[in-house]
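Below are structures written as structure tokens.
Each of the two complexes below includes subunit A, the first together with subunit B, the second together with subunit C.
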Partner chain A sequence: MAETTKATGKLAELTTGPYPSFVKEIEAAAENNKMAQDLIGLLELSYNEKLCHWKHGGIVGVMGYGGGVIGRYCDEPEKFPNVSHFHTLRVNQPAGWFYKTEALRKICDMWEVRGSSIFNIHGSTGDIVLLGTTTPQLEPVFNDLTKMGFDLGGSGSVLRTPSCCVGPARCEWAMYDTLKCAYEQTMAFQDELHRPYFPYKFKFKFSGCPNDCVASIARSDMSFIGTWKDDIQIDKDKVLWYAEEKKLDIQNVVVDRCPTKCMAWDGKELHIDNRNCSRCMHCINVMHLALKPGKERGCTILLGAKAPILEGAQMSSVLIPFMKMEPPYNEDEPSYEDLPELIDAIWELWGEEGKNRERVGEFIQRIGMSNFLDAIGLEPVAEMVKHPRENPYVFYELGDDEDEGEEE
Partner chain B sequence: MSAPEFDGVIIKGINIMADKALVEQIADAMYKMIKDAAGQKQYKAMDLQKAMRELFPGKADKKICREAIKILITSERCIYTYFGGSYIELPHVEGAANPTKEG
Partner chain C sequence: MTAEPAERLTDIGPPHYEKFLPPVVKANYGKWADHEILEPGVYVHTAESGDKIYSIRAATARLISVPKVRQFCDIADKYCDGHLRWTSRNNVEFLTTKEENIKHIREEVEALGHPVGGTGNSITNIVHTQGWVHCHSAATDASGIVKAVMDELMDEFTNMRLPAKLRISLACCLNMCGAVHCSDIAILGIHRRPPTIDHDRLRKMCEIPNTVAACPTAAVRPVTVDGNPSVEVIEEQCMFCANCFTVCPSMPLNDPENDGVSLWVGGKVCNARTEPMFSKLAVPFIANNPPRWPEVVEAVKNLVYVWADSQTVREDGRVDQSYRLAPFLRDGWYRILERAH
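Up next, the complex of A and B:
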């Protein structure tokens, strides 16, 4: 096959728009890399035939690990011998995706020699995704990464690489230290990250506030979303400043868009019924100089989100309405110290009873939330109800109260 | 004065001296199960753990089974594979693997 460094036909169309083009990047890589040259050829073939020529999965990996490498073979090895193996490696990203330039330079230098020289920062899992290498190069790549201080991330039926937003490192809205939590959970669950024990994948994502920049509510089995317990802090002078100086239409832009209608504006003062606030952050985002989250901060833990693979997409739903993430802890409310026990209870039940390729959200749907809560030892609470009359798993056992009354 | 009683060495909650023989025994039983089913059925880690609990009642707990699987993998008697989900199988060359010039 002749060396191809420029895309043609349908593939070339993708270089013509005003936006960054992955095809342009592959073309640039193809100047010096044979894998990238064959990748252009194979992609063109796929675009013309409307057929995928990759086979994904298989048995490739590095010694001792069951995750981190995604096997990929091409079904046209004679035509495109340089991409006949094109395995992907997931590399565990640092919490919040902060790097020294030196670290990135080292990864780039290594990947130019050992792979296609193409990689993706960052994949939807959050990892660095090194795209395209051969089976004999897997162990050397792993060794090089280890020397640089990197480890492989998760793939397959494992705990996927925990991911978090930039948190308190760069964001004033971080209600807890997302970076610390992501790092600590990564280190605590190394076995679960590298050795598949689960029925299917399991993801943690840590968001510092309800803006949920890492989309944990939609993309992780267990979402940790920062929130607060007390009242929104209001700077009344700044609210007036927004209305008078910034000409902000507080009624239309803030009050009328509050999803729980818990706010009122009389032209001079903003009133918030905090009991009915769902902590969506809309008002705070709009008037960030006047409003701030409360001072009692922590996170809400939700469970069960997934993208559509075997079944349709699901959003996660509330499991723990408020968990305190930093000491001092109160004995009567869930705290960060209780987290390992909670995670263990969920994994134990899902591991034992979950079907092959059944995500935890699907598992809960199958067995019912009330049974699930019973089995992991959690009491149902009102915050778990998404909409009135739509969560049939919360039962009020009136008989129990009557019995208690009789005993008294 | 009598010598202090030797209790073994505890690593990750497992008394490796006392349980080593049991872990090896369970690893062998897991290996047999995988070998007997090769080409017909793929086992996940939890399938093996459940089977071992029946075979070694009261002994094959989660930690012991995980150690046994680790032994199978690090000794290269078995490998992890991914075909939709992750499985533990005998080492083999998959049909789709194209030979490379490098090996």
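Up next, the complex of A and C:
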């Protein structure tokens, strides 16, 4: 195939316009890279035929790992030999996606020699995606990465690369240290991340507050969402400043939009009935200089989110209403120290009983929440219940409860 | 770069994030007091200590080349002591403690073709999947549609004049590696024809029990073809989810004339005001029309502006804040569908 560094035909039409062009990025990579050149050709074919030209991945990887590499082969290897193999490597990102240029430059130097010169920054789960290289380059890329202090992320039936929001690094609403938790849990479960022995994928996402900037409630099997227990902190002078200086219509924009109607505004003072606050963050989002979350902070752990395949999309639902994430811990309250035990219990049960390609949310659906809680040794609590039952067909365990059966 | 290092490292995990935090972040970690959007795409965060950090946010196409990453690094070295980060929606952020650098960073990053914006009541970057660039199961391209839609909606990225935030996401098939099912507007690639079966390859490549078990509607059944075990598909029962194709490559569904996208509206993930919600089907099918998918672009634009234009404009001229597309649907489905047509 002739060396093509510029897109032609339909693909070239995507090099104009104000939004950054992925075609121009591939062209930039193609100036010094044969794989990127052939990618342009293959993509032009897709644009002409309205068909993708990639085959299913084969089993490729680096020694000792079962995840982190997605095998990819094109179905036109004669026409485009430089992308006949075009495997992806997922590289575990630093928590919060902060970088020093020095580290990025090293990855660039490696990737223009050993791969396509093309990245996704970042992939959907949060990894740096090295988009496309050949089988013989996989080990060398991995060795270069580990020498730079980077490791591969997850793919297949493993713990997928955990990710987190910017958290306490640059946000006043971080109810716990999302970066620390993401890092520590990633390090604690390196074996589960690299070696697939789960029924299917399992994702952790850490969001510092209910605004959920990493969409953990929609996208992670185990979602950690920051929350608080005590009263919203009110700066009365700042409330007045919003009303008078910023001309904020507090009644309409804040009070009337409160989902639990727990607020009142008399034109001078804002009252919050904190007992009825569901900590949705709306009032704090609008008047963040005047209102701050409470001081007793931690996170809610939710379980089971997934996209539609197979049993339909699900959002995570509450497993631990409140976990204290920093000492001092109270004995009678779940704490961050209890987390490894909880995760182990879930993985042991789902790992043993889960069917092939069954996410934990589908598993719970199949066996029932009460059986699930029973098996992992967690007491049911009211906060887990979204909607009480409306039918009387209840399974009682006969003989378990001594208070039952007064007649006998 | 040597191919064989003396010691082969494994299981080292990612670099510790502290290595990459700017000094002002380390000094004020967990002690940020407030934030403000100075102009579209530019945040200032102020710590309890009074320290400030300015973040200049710019769109990227997610797919990014080595030369571009180096150009971003040049800007970060020049103005940010080598510090930069990415957001959860593939925007790049340049971090500086010097207010006077904002203007220079904006000029240089825009000169590279990356508009600054995506803050506040705007449409920020579209999160998306691989599409034809790198996926075997794509029912449509990802990057191409995103480019075409954002080219038309760029003013809503660089301004903050919408009634609320609007999050658009794209997944090129039902596997949804972009998990678009809780977006204000989701663009979702779909197939519309059952798989074709290559019995000869299937025999060599696929595990029949797994393939049968993969079907959510029990449309895939074991059969014997020419004396060999294989599967059949009860076509009336097939809903084109492609889960069988995922576990068995000999059952492709890709079809240039019948693949395309569907549009979904009204989902969200944040908890503010209303609980997180799934997106709901608004447009069942638009055929693939590369390179610019004009019908998809038009439909998305229409949804955005039907929503935006219907919002209450207050007497002082400011748009009423914070009705996401989801609660806007309180008017009833027929209203938005009616207006969108």
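Keep this in mind: the second predicted complex is superposed on the first by the 384 of 408 C-alpha atoms of A that agree within 3 Å, B and C clash if a C-alpha of one lies under 4 Å from a C-alpha of the other, contacts with A are read in each partner's own complex, and residues count from 1 in each chain.
Here is the rule we go by: a residue touches a chain if its C-beta (ideal position, glycine included) is under 8 Å from a C-beta of that chain, and two chains touch if they have at least 3 such contacts.
Please read these numbers as outputs of a predicted model, since none were measured by experiment.
Asker: If subunit A is used to align the two complexes, do subunit B and subunit C fit next to each other or clash?
Answerer: On the shared subunit A, the partners fit.
Asker: Quick check on the superposed pair: does A:G156 touch subunit B, subunit C, both, or neither? Answer first, second, both or neither.
Answerer: first
Asker: Applying the document's definition of touch, where does A:R275 land relative to subunit B and subunit C: first, second, both, or neither?
Answerer: neither
Asker: Looking at the overlay, does A:R357 come into contact with subunit B only (first), subunit C only (second), both, or neither?
Answerer: Both partners, subunit B and subunit C.
Asker: Looking at subunit A, does subunit B or subunit C touch a larger number of its residues?
Answerer: Ranking subunit B and subunit C by residues of subunit A touched puts C first.
Asker: Per the contact definition in the header, classify A:P77: touching subunit B only (first), subunit C only (second), both, or neither.
Answerer: Touch status of A:P77: first partner only.
Asker: In the overlaid three-chain picture, which partner chain does A:Y200 touch, first (subunit B) or second (subunit C), both, or neither?
Answerer: Only subunit B; A:Y200 stays clear of subunit C.
Asker: Should A:G67 be classified as contacting the first partner (subunit B), the second (subunit C), both, or neither?
Answerer: first
Asker: Determine how wide the angle is at the CA centre of subunit A between the CA centres of subunit C and subunit B, giving a multiple of 10 degrees.
Answerer: 120
Asker: Could you tell me if A:K147 is touching subunit B, subunit C, both of them or neither one (first, second, both, neither)?
Answerer: After superposition on chain A, A:K147 lies in contact with subunit C alone.
Asker: After overlaying the two complexes, what is the shortest C-alpha distance between subunit B and subunit C, in Å?
Answerer: 5
Asker: Enumerate the residues of subunit A that count as touching subunit B in its complex and touching subunit C in the other.
Answerer: The overlap between the subunit B and subunit C interfaces on subunit A comprises residues 55, 57, 63-65, 191, 356-357.
Asker: Write out the stretch or stretches of subunit B touching subunit A in their complex.
Answerer: Residues in contact with subunit A: 44-46, 50, 66, 69-70, 73-74, 76, 79-86, 89, 91-92, 94, 96-98, 100, 102-103.
Asker: Of all residues in subunit A, which touch subunit C in the complex?
Answerer: That would be residues 10-11, 13-14, 17-26, 28-29, 31, 36, 39, 43, 46-47, 49-57, 63-65, 72, 86, 88, 92-105, 108, 110-114, 117-122, 124-126, 131-132, 139-140, 143-144, 146-147, 149-151, 163, 165-166, 168-172, 174, 177, 179, 183, 186-187, 190-191, 194, 210-215, 217-219, 247, 249, 252-253, 257-259, 278-282, 285-286, 288-289, 307-311, 313, 315, 355-357 of subunit A.
Asker: Please name which positions on subunit A make contact with subunit B in the complex.
Answerer: Going through subunit A, the ones touching subunit B are 55, 57-61, 63-67, 70-71, 73-75, 77, 84-85, 134-137, 155-158, 191, 195-200, 351-352, 356-357.
Asker: For a test of understanding, state which residues of subunit C touch subunit A in their complex under the given definition.
Answerer: 1, 3-5, 8-17, 19-22, 25, 29-30, 32-35, 45, 53, 55, 59-70, 72-73, 76-77, 82-88, 90, 92, 113-115, 127, 129-138, 141, 143-144, 146-148, 150-151, 154, 157, 171, 174-179, 181-182, 210, 213-214, 216, 241, 243, 246-247, 249, 254, 256-257, 259, 269-276, 278, 288, 290-292, 314, 316, 320-322
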